[in-house]
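Below: one structure, written as structure tokens.
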Amino acid sequence: MAAFNALGAAVRPAHAQIPPDIAHAADYERHAIHHVEAQAWQHIQGGSDQGLTLAHNRAAFDQLRLLPQPLAQLQQAHTRCTLLGQPLHCPLLLAPVAYQQLVHPAGELATIQAAMALQTGMVVSTLSSHTLEAIAATADQATQELGQGAPRWFQLYLQPDRQHSLQLVRRAEAAGYTALVWTVDASIKRSGFPLPPGVEAANLRGMPSTQHTSALQGPILFGTPLARQAPTWDDLRWLRDQTRLPLVVKGILSAAQAQQAVALGADALIVSNHGGRVLDGVVSPLEVLPAIAQAVGPTVPLLLDSGVRHGTDVVKALALGAHAVLIGRPQLHALATAGMLGVAHLLHLLRAELELAMAQLGCASVEAITPQVLWQPAASKQ
Amino acid sequence: MAAFNALGAAVRPAHAQIPPDIAHAADYERHAIHHVEAQAWQHIQGGSDQGLTLAHNRAAFDQLRLLPQPLAQLQQAHTRCTLLGQPLHCPLLLAPVAYQQLVHPAGELATIQAAMALQTGMVVSTLSSHTLEAIAATADQATQELGQGAPRWFQLYLQPDRQHSLQLVRRAEAAGYTALVWTVDASIKRSGFPLPPGVEAANLRGMPSTQHTSALQGPILFGTPLARQAPTWDDLRWLRDQTRLPLVVKGILSAAQAQQAVALGADALIVSNHGGRVLDGVVSPLEVLPAIAQAVGPTVPLLLDSGVRHGTDVVKALALGAHAVLIGRPQLHALATAGMLGVAHLLHLLRAELELAMAQLGCASVEAITPQVLWQPAASKQ
Amino acid sequence: MAAFNALGAAVRPAHAQIPPDIAHAADYERHAIHHVEAQAWQHIQGGSDQGLTLAHNRAAFDQLRLLPQPLAQLQQAHTRCTLLGQPLHCPLLLAPVAYQQLVHPAGELATIQAAMALQTGMVVSTLSSHTLEAIAATADQATQELGQGAPRWFQLYLQPDRQHSLQLVRRAEAAGYTALVWTVDASIKRSGFPLPPGVEAANLRGMPSTQHTSALQGPILFGTPLARQAPTWDDLRWLRDQTRLPLVVKGILSAAQAQQAVALGADALIVSNHGGRVLDGVVSPLEVLPAIAQAVGPTVPLLLDSGVRHGTDVVKALALGAHAVLIGRPQLHALATAGMLGVAHLLHLLRAELELAMAQLGCASVEAITPQVLWQPAASKQ
Amino acid sequence: MAAFNALGAAVRPAHAQIPPDIAHAADYERHAIHHVEAQAWQHIQGGSDQGLTLAHNRAAFDQLRLLPQPLAQLQQAHTRCTLLGQPLHCPLLLAPVAYQQLVHPAGELATIQAAMALQTGMVVSTLSSHTLEAIAATADQATQELGQGAPRWFQLYLQPDRQHSLQLVRRAEAAGYTALVWTVDASIKRSGFPLPPGVEAANLRGMPSTQHTSALQGPILFGTPLARQAPTWDDLRWLRDQTRLPLVVKGILSAAQAQQAVALGADALIVSNHGGRVLDGVVSPLEVLPAIAQAVGPTVPLLLDSGVRHGTDVVKALALGAHAVLIGRPQLHALATAGMLGVAHLLHLLRAELELAMAQLGCASVEAITPQVLWQPAASKQ
């Protein structure tokens, strides 16, 4: 039975080759719509409510202006950096993205193969459609074959039962993940998206799932188990005690909460509004980044996600205080369009865009990307 | 004879069930257009002149950004509050909306049934298409059957003859309404909308109506009885003396007038521009709210209406000084789409949206919704 | 032979009655396009180059927000005022608009009949398609028949030969015009619009016209007679000496030039950018008005034109320092749609809109329209 | 075989006459799309990535407002100026634009004929599709026939081998070019545009071209010969020593780099972002111009390119500190539409627009175009 995409045509399988008209990383989005079933596409692309946050995430990047400084020495130029003691080829990671089999049969296995081939770190989701062990094994094999690789981290959603959460942590440790990313901003989000047959939360087999009430009357969220199970600062204290893995807290947007998370043992933070999927009308990570960077100081690694689409976006985030960025939806766009090859090409294009931007801005290393690459109107006005 | 909607198709009767694709309260608007006759739709939806006020009412909400603060304790969280000594399940009421039979045969009777079922206060309009007594009786019956209810208030338009105004007040008192909402901003508005057969101002049977002149020459408004009958501060003094009901003045937008209304005995104020229907290009209630809150101080209950569509809008209004908000057109959208069930579902969705927003913002009660939930760019810029 | 309008259909003759769906003065514009030949429509509607000025003229009004103050005493309310010692029924005049026979056979004769019937002042253009004497005679007759009237002024474009200019002044004096409006901003504008047969500059019969060069090489404007004949401050001195009529200078946008014009004998100024027709990207009259009002002080009458379309626009202009406003294109829209009746209805609607706005703003006279009716965000922010 | 334009129709040959509906210089753009093959059109029109820079280049002009000052003396008015000791008829030059045969068989030969006829300076590109010698010979012949002419300059892209760069300089000197324009901002730009048969970089015959890698893995830019060959400040020192021609550095956007370029011997600067073609999201030349003008002082000639389309744009650039401007894409639009005649007409229209703007602004010479012609809101607000 044919599935239909959001344009009303039959869903196309992924290409075996890279489409010739893809010149920029962002070009994968217009291809991907042809390769994804309509309801899954809406689920992937959607922002909450009116989509204000979604649009604002992009506007926050687009309104910043870069100040080119050509003529710099680029002979020793490179993009390497280190995060939590782990070397990265460039300051870009794959964000945790759930259920990647929704857009391609190989799902996360294809994604992590591409990531290892392009030496790009990947954060595997609690809600991955392959088990974290299978994904890790694929990464190990790819790294061995290619003679190169990159860090893989595990993203954790706390489960109603702490023992289940702990099982996930232990499994991630055993499978060789080198950091734990705890997401704090999406546990009580409503979503009506039903998973199609054959796609499941592979890591959570045998664990109970949480449900919202749909009765018109009576308690909705407040006064229900859902509210009692929402993550709290106590959970951070507990989680910190359970593992020696570096602990990264994802979903922080306020300077005060950033400081508190660090005080309670977070090793790094991901400034994120969950790609505009949780609450509409919230701040964009980019606009709160300077305040958070100032609050936690230069020694706490700050990552930014939500809205990154271009090489120049990476530069803008680093100029405002990020140490690296993550990309979410674009990996699904590339995976849907051309599978593993698509994700590899996406990462290649983003790196090319980043290097070209750094060259025009006179930055021979990521450390050279300072606020000076952004134009400050106040200083230039007559 | 079939009536046509604004899309040129036959008007559809209200659904007997909630349409499955309604996920947000605001989704009712795109459904409702199919269920309302074209001229009535234009009357309901329209703003004055170019619709600047209408658009600005929304923009004022949309331009504010929320600052999430997850990880709060939500175990005791609730949305309860008290207004004029009357307990509310959440800080949301149904605004006075005229002639509800324009969109559904049951009109205000269906609306107030839904309101009582969802424990939501309702303000009944002078221009209701059922009598205030019939609406009150329906509310009483629903409250008794459900074992729960909410306040009902009566909205007053002054009539050319004060005795007629006084009759309305006495009838509202007798029918058990617990507050009087006096609207001051719409008495001299021009409107060319003719009521269709079967819809009338049920409360005003037997009273004369006011008319504008349509002659090209001669006096228009100034110098006519219409100008002489426009409400004045003297009317507020008079009205205050006529009743012991709490008196709420609706249509205040300036801090000076807010202070004067309170000085003359108003118990609460509704900051409103009448949903953008009276004068084009005026301020939005949300943007003047902080100045008014500062002028009257925290002891005077401030309600806000005009533009509220989302749970996050409620949060934004409370953060800027409102004690509660009212929704107008959305109740007609839900009523037209699915009758009493639609209005109940609308209220359920708004409450769900409000609770989810409060959870993300770390607010376990409406008192916790302070200006801190709004991002202040100045304080965050480096 | 049928003429075609800008929609590609045959040009419709003017209606004999007012179309029933015209509720606002601005509604005439969408009707008029059906009644005007395509090239004339483009000429009338167009702004220079990209139309930035045209759009900005409207935006300047639309971005201001009014602060309603209902509950005022309106029993003695009126809109009367005095300009150059001449009483006006309301602070609104018809701007000089050339070649009105382009849109209706009766042209300026219909317009001035409507103006006298609605007691509205009219400025007759040098480029009128009826002679200034014929227009004056029509005004006299209408005034006599109706028992009421309003001022009529004459707008002057200087001619290459000063004797011709002087003839126009003398003819205006003889025909009973009560002020001279000298336009200084359009003499060297390029326009490729050819007048259709039967439409001419009736007042300039027998005088030579100025022409631009169209050769690709050689002088264009600078170095040609056109540049030498452009109006200068010397012309103002000369003109001031030629007549005892009040002298109004039209086309002033800078405070310095406003002061200079007054110093050289101007009795009043019209702040105008010629409806966005002369130079693209210039300031709007509304945004420079406060600076000009401050520069010349309250005793010099300031009129504003360019962009006035709604009753609220009149209020905004008066709040920022204007003593009256003029409307240009709307008179052509109404004239094309419904002839004399259309213009009368347009003026009636504008007066109605003005009175309703004043009522909502608590202004019982035009003197009460102060900057207080405009919301000042700075003072209201917390 | 018919070629297709971007509208899907056959490419039309250039008109032999000027189309009658071209009233403004900017009108050529909508004509040109019919006359250019689709892929070439995309190459010509495109901006990098999202086109933010392209749009912002225009917005920077459009957001400035001019303040008319009519009534000035224009009898001696003119637009003449001097640049690098070379007299110009007006402060406008043709920017270096590559491969002009893409849009017209005569290419640069037609363009320079028009330039000489209209006494407009032209900068010939290293990537011209005719040799610099052939273009120079055409210019000489035109100048001789017409008895008038204008400066011609040569634009240099450094070649991987300095001897090849030096050959280009020597050839330009020998052919009578009177300045050298060194472009520093585009050497490492990626472009996938393949030249069609018959169009080539005529000046570079026999020299090797630089290539980007397209392998998914391995070095992209950093670590490749391309990065090592990118122009540096050392190249400026070297180039300065090779020629006595005035040296103009093109592609400067920061005040610090402007000062450094002057310190190392640059005689003039072109503030440019390469028409938005190199890096997306960068500053517009117009917004950084005041800071650069302040940094280098009034004695260093500053030219501006990127976004100039109207006569008023020239005024705005000069008001903010430019001594002249260059136009890029418009010359291709006019060349494609009507060949040599089109380019001549384009230049005529731009001069006419400039003179009309200066007249309205009361500027009788380019020296009179000061910041005073721009409205400063701060000074005008009450």
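Note that the chains are named A, B, C and D in the order they appear, and that numbering of residues resets to 1 at the start of each chain.
Operating definition for what follows: a contact is a pair of C-beta atoms (placed from the backbone, for glycine too) under 8 Å apart; a residue touches a chain by one contact, two chains touch by 3 or more.
Labels paired with UniProt names: A, B, C, D = 2-hydroxy-acid oxidase.
Keep in mind that what you see is a predicted model, and the values were worked out from it rather than measured.
Chain C is reached from chain B by a rotation of 90°, derived from superposing Cα atoms (nearest 5).
Greatest centre-to-centre distance from chain D is found for B, with centres as Cα means. Counting every residue number used by either copy at the chain A-chain D contact, under half are found in both chains. Once the centre of each chain is set as its mean CA position, chain A and chain D turn out to be 42 Å apart.
If each chain is reduced to the centroid of its CA atoms, chain B and chain D end up 59 Å from each other. Residue positions of chain D with contacts to 2 or more other chains are absent. Those residues of chain C that touch chain D in the complex are listed here as 49-50, 52, 56, 184-185, 188-190, 192, 216-217, 220-223, 227-228, 230-233, 235-236, 251, 253-257, 273, 278-283, 287-288, 290-291, 293-294, 320, 371.
Of all residues in chain D, only 23-24, 26, 61-62, 64-75, 77-79, 117-118, 310, 312, 316, 344-345, 348, 351-353, 355-361, 375, 377, 379-382 touch chain C in the complex they form.
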